[in-house]
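Read through the structure below, which is laid out as structure tokens, and then see the notes.
Chain IDs A, B and C follow the sequence of writing; residue 1 opens each chain.
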Amino acid sequence: MTARKLDYSIFTFLIAFGILAPFLFPNFVTQIAVMWMMILFASSWDTAGGQMGYNSLGNITFFGVGMYISAVVQVGMFYDVAEYTASFGAIKPVFTDAQYYKGLVFGLAAAGVGAALISIPIGLCVLGLRGPYFAIGTLGVAVAVAELVSAWSYVGAGAGISMPVYPGPAGEGSLVFYSLMFVLTIGCLFFLRWLYSTQFGLAINAIRDDEDKAEAMGVHTTLYKSTAWAFAAFFLGISGAIFGNMIGFIEPLEVAFPTATFGIFMVAMSLLGGKGTLWGPVIGAILFHIVKELTWSYMEGMQWIALGAIIIVNIVYFQQGLLGWASDRWPAAFGLIVDKSMTADDRDGDAREAAE
Amino acid sequence: MFDQIIGNLSVLTAAPIFAVDLLFQGLFIGAIFALAGYGLALVWGVMNVKNLAQGDLVILGGYIAFQLAAWGVHPVVALPIAFVVMFAFGWGIYVLIIRRVVERDLFTSLLATFGLSLLIQQTLNRIYGPEVQVVESGLGSREFADGLMIVPDVRILSLVLASVLAAGIIVFMRYSRMGQAIRATSQDARAARVLGIDTDRVYAFTYALNSAICGATGVLVALIWVIQPFYGIVYSIRAFIIVTAAGLGNLPGVIFTGFGLGIAEKYSDFVLGSEFAIAAVVLFLVFVLIWRQIQMYRVRQVVR
Amino acid sequence: MTENIIEVRNVSKSYGGVVANHDISLDVPSGKITGLIGPNGSGKTTLFNSVVGYHPTDGGSIKFEGQEISEKRVPDIARLGMLRTFQQTRIYSKMDCMDNMQISVSHRGRSVFDMFSSRKGEIADRAEVLLEFVGLYSKRNLISGELSFGQQKLLEFAMALMNEPKVLLLDEPTAGINPTLINGLIDRLQRANEEFGVTLFVIEHNMRVIMNLAQHIYCLAHGEMLASGQPDELQNNQLVIDAYLGAH
């Protein structure tokens, strides 16, 4: 089982890197934490987008929803949220250490579960749509939720919420959030690897290949689709909660529901690495993040223009992604058995073409 | 918040002239939406490209008018200029990007045009900054119902221009060689190719025509409303609402839905308050999509 | 058992002004092989689609095991135990044959947690047995899209059996298949019927095949039920002969 060995060596490498990184690059802890988040973004997007063929442009919704849920829980467990947000930061509540950690734990849990729960009614509305309608519908949901949150004064409307401050030295705080993000991402990857190895993985692949056929075979497509989406929402919700705490201040349009940045990054990274594979999105995310961090600050306002150009070039000229390209080139290394001799000169092959 | 909504509703019932005023405002902007929607229906129907950059092409047209106004060109003259410039721009976009995604799966065209959308808005932001801009027409306004209802002349002018443009496109599609070729290609591209129609050219022309329509629409937007580099997405969503609700190749449906959307938006704007304006538009989209699903469910089908 | 597993009563369906099915009634007896023949455009596939839920009917009743299904949708009907194969074969072309088989397990009476069951064990064993049954065992690890058309048809048939249906509706199982393979296919259809107890309802153009296979045959023409009976009765029925030769 070489595929299995390869998986475990990649896991070992990632975990080793994750543990060593804060010591090797102490000045870049936050950037590397964001890199883990990007990996999580790309991998969780790929569950619906790559494995199931449901290309969402609105997964960022769950990131923001998780972030807001954790904020409300973390503040609301000890103070009145409406009063807190109405004061625009004038009230600076002091959380004891115990209160802070309790809030954080419950906040993260509520963020994951809450985002997953919210994904179900949203899923019922949009998962019945196919192809472009689904993509546009999810984009619509993301924009609508962002706009509604910006108009909802209970959570601070457009002005946002300040998160409780980590009760310790700043460097220690970023290490804590780094560790949380790292553990979450690795956990997510292990979970997805297991998920894709079960009947569930087959079912969502079948939905991608031919959903009508899957329906005709009696697969509960709606159940599978909403479950797959809820898993993605769960991990995105927690990552949003961690990111909100890491940043310290959340607001709807730029931090919580950035459709045009994180929202589209997920898709671009997944496609760059190769969608529909476990490691493609990971590779895409790492490459994308490194290139972005290295070049972003030198571009002097041109970075967003460059981003648009990258997406176009990625889509138009390099659609199958790095892993897709590699598996076309070396199919045997990916466990694909293509028996050309059996098919190429088979007389039935002509009949197939004639029938099409 | 609910008190506010009820208050606004009671204003409408107490002073019906406001309701009439909103209706007219809705019709004026509805005409603009219908144009953008028609353009999308065209590229969607003919080349099966879901153009997410639709709204950004509109805004780009608006900025052309803005730039020309800064150079002292009157917006009415700017309209044909924007039409021609955007036609050329659309052709260029087709050759560089769209040609390579036409035959690919649907998500590809969606994402490629999303990238294009980012590119256009960020470039405009870079050049003109994120401020909201208007183009002054220098025209007066008319009063109705003892000054309770004021209709600026520029709105009437824009409605006239939109109608002229729409009529021109309809005549073109029906009687010109290229219009016939476009209609033939939309029905069956392979058959059209076999019969000697250069579908690549038809596609290029279709996308360029859509871009030109959007450009002209943008000039009207800049005249009667405001433009801003990031407003494009809302026009894209509006165009998608119109096409989804009306269906492809249904011109009267597109015009009717365009007006309907304009009016619905004006009323929801007034009743809910302007902070919900964008949310309302997007929720219209979600509702239209759900409604289509229910419709299809009844005939044992899905929305695809 | 001689009861009818499918009962179609007075079903009509038209597309725009074109009447595809008009007032069709037929029975598919449980445990038997029933045939459906008719010239091109006589409404056979339309009837299939009505039965399995691809489109609404204009009127009439369709019962499966006594239960009304004319309002139900495809996946619900499939879970009751009625499956169909397609004229243009449909398989999951980017997955290998074993995956294609394993995903086709029956979804009747399975709990939510079965979604996450492992791919190994019982399901895999059964998939291998059925692949052996249709003669594709040696190709089990190939990507199914790479198979020839005939092999894809066999795979689709095996996938349908994997689902353990009560009734299988086959739309032209021999169309596009190499003539030398047809006898093998007939043999397998019969064995599926006898050994697995699957009721078959078959659309077929190849008269030799359907006459050998079916115990009872219905003939459609111009959307109407033209005749029905035992194969040898139908073979000598003047109406059927005329319909195939184009006379009215």
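Heads up, the rule we're going with is that contacts are C-beta pairs under 8 Å (C-beta built on N, C-alpha and C of every residue); 3 or more make two chains touch, one makes a residue touch a chain.
Fair warning: this is a prediction, and the values are worked out from it, not measured in the lab.
Asker: Averaging each chain's C-alpha atoms to get its centre, pick out the one most distant from chain C.
Answerer: B
Asker: Work out per-chain C-alpha centres and flag the one nearest the whole-protein C-alpha centre.
Answerer: That would be A.
Asker: Report the inter-chain centroid distance for chain A and chain C in whole angstrom, where each centroid is the mean of the CA atoms.
Answerer: So the centre of chain A lies 42 Å away from the centre of chain C.
Asker: Based only on mean CA positions, could you tell me how far chain A sits from chain B in angstrom?
Answerer: About 32 Å separates the centre of chain A from that of chain B.
Asker: Roughly how far is chain B from chain C, centre to centre by C-alpha average, rounded to an integer in Å?
Answerer: Distance between chain centres: 48 Å.
Asker: Would you pick out the residues of chain C that each touch at least 2 other chains?
Answerer: Touching at least two other chains: 74.
Asker: Check each residue of chain B and list the ones that touch at least two other chains.
Answerer: Expected reply: 297.
Asker: What part of chain A is in contact with chain C in the complex they form?
Answerer: Against chain C, chain A makes touches at 195, 197-200, 202-203, 205-206, 208-210, 212-221, 223-224, 227, 336-339, 342-343, 346-349, 351-352, 354-356.
Asker: In the complex, go through chain C and note every residue touching chain A.
Answerer: 52, 74-75, 78-79, 83-84, 86, 88, 90-96, 99, 102-108, 112, 114-119, 123, 139, 141-143, 146-152, 159-160, 163, 175-178
Asker: Could you pull out which chain B residues touch chain A in their complex?
Answerer: 50, 52, 97, 100-101, 104, 106-108, 110-112, 114-120, 122-123, 125-126, 233, 237, 240, 244, 275-276, 278-279, 282-283, 285-286, 289-290, 292-293, 297, 302-304
Asker: Looking at the complex, which residues from chain A come into contact with chain B?
Answerer: 55, 57, 125-126, 128-133, 135-137, 139-141, 143-144, 147-148, 150-151, 260, 264, 267, 271, 301-302, 304-305, 307-312, 314-317, 319
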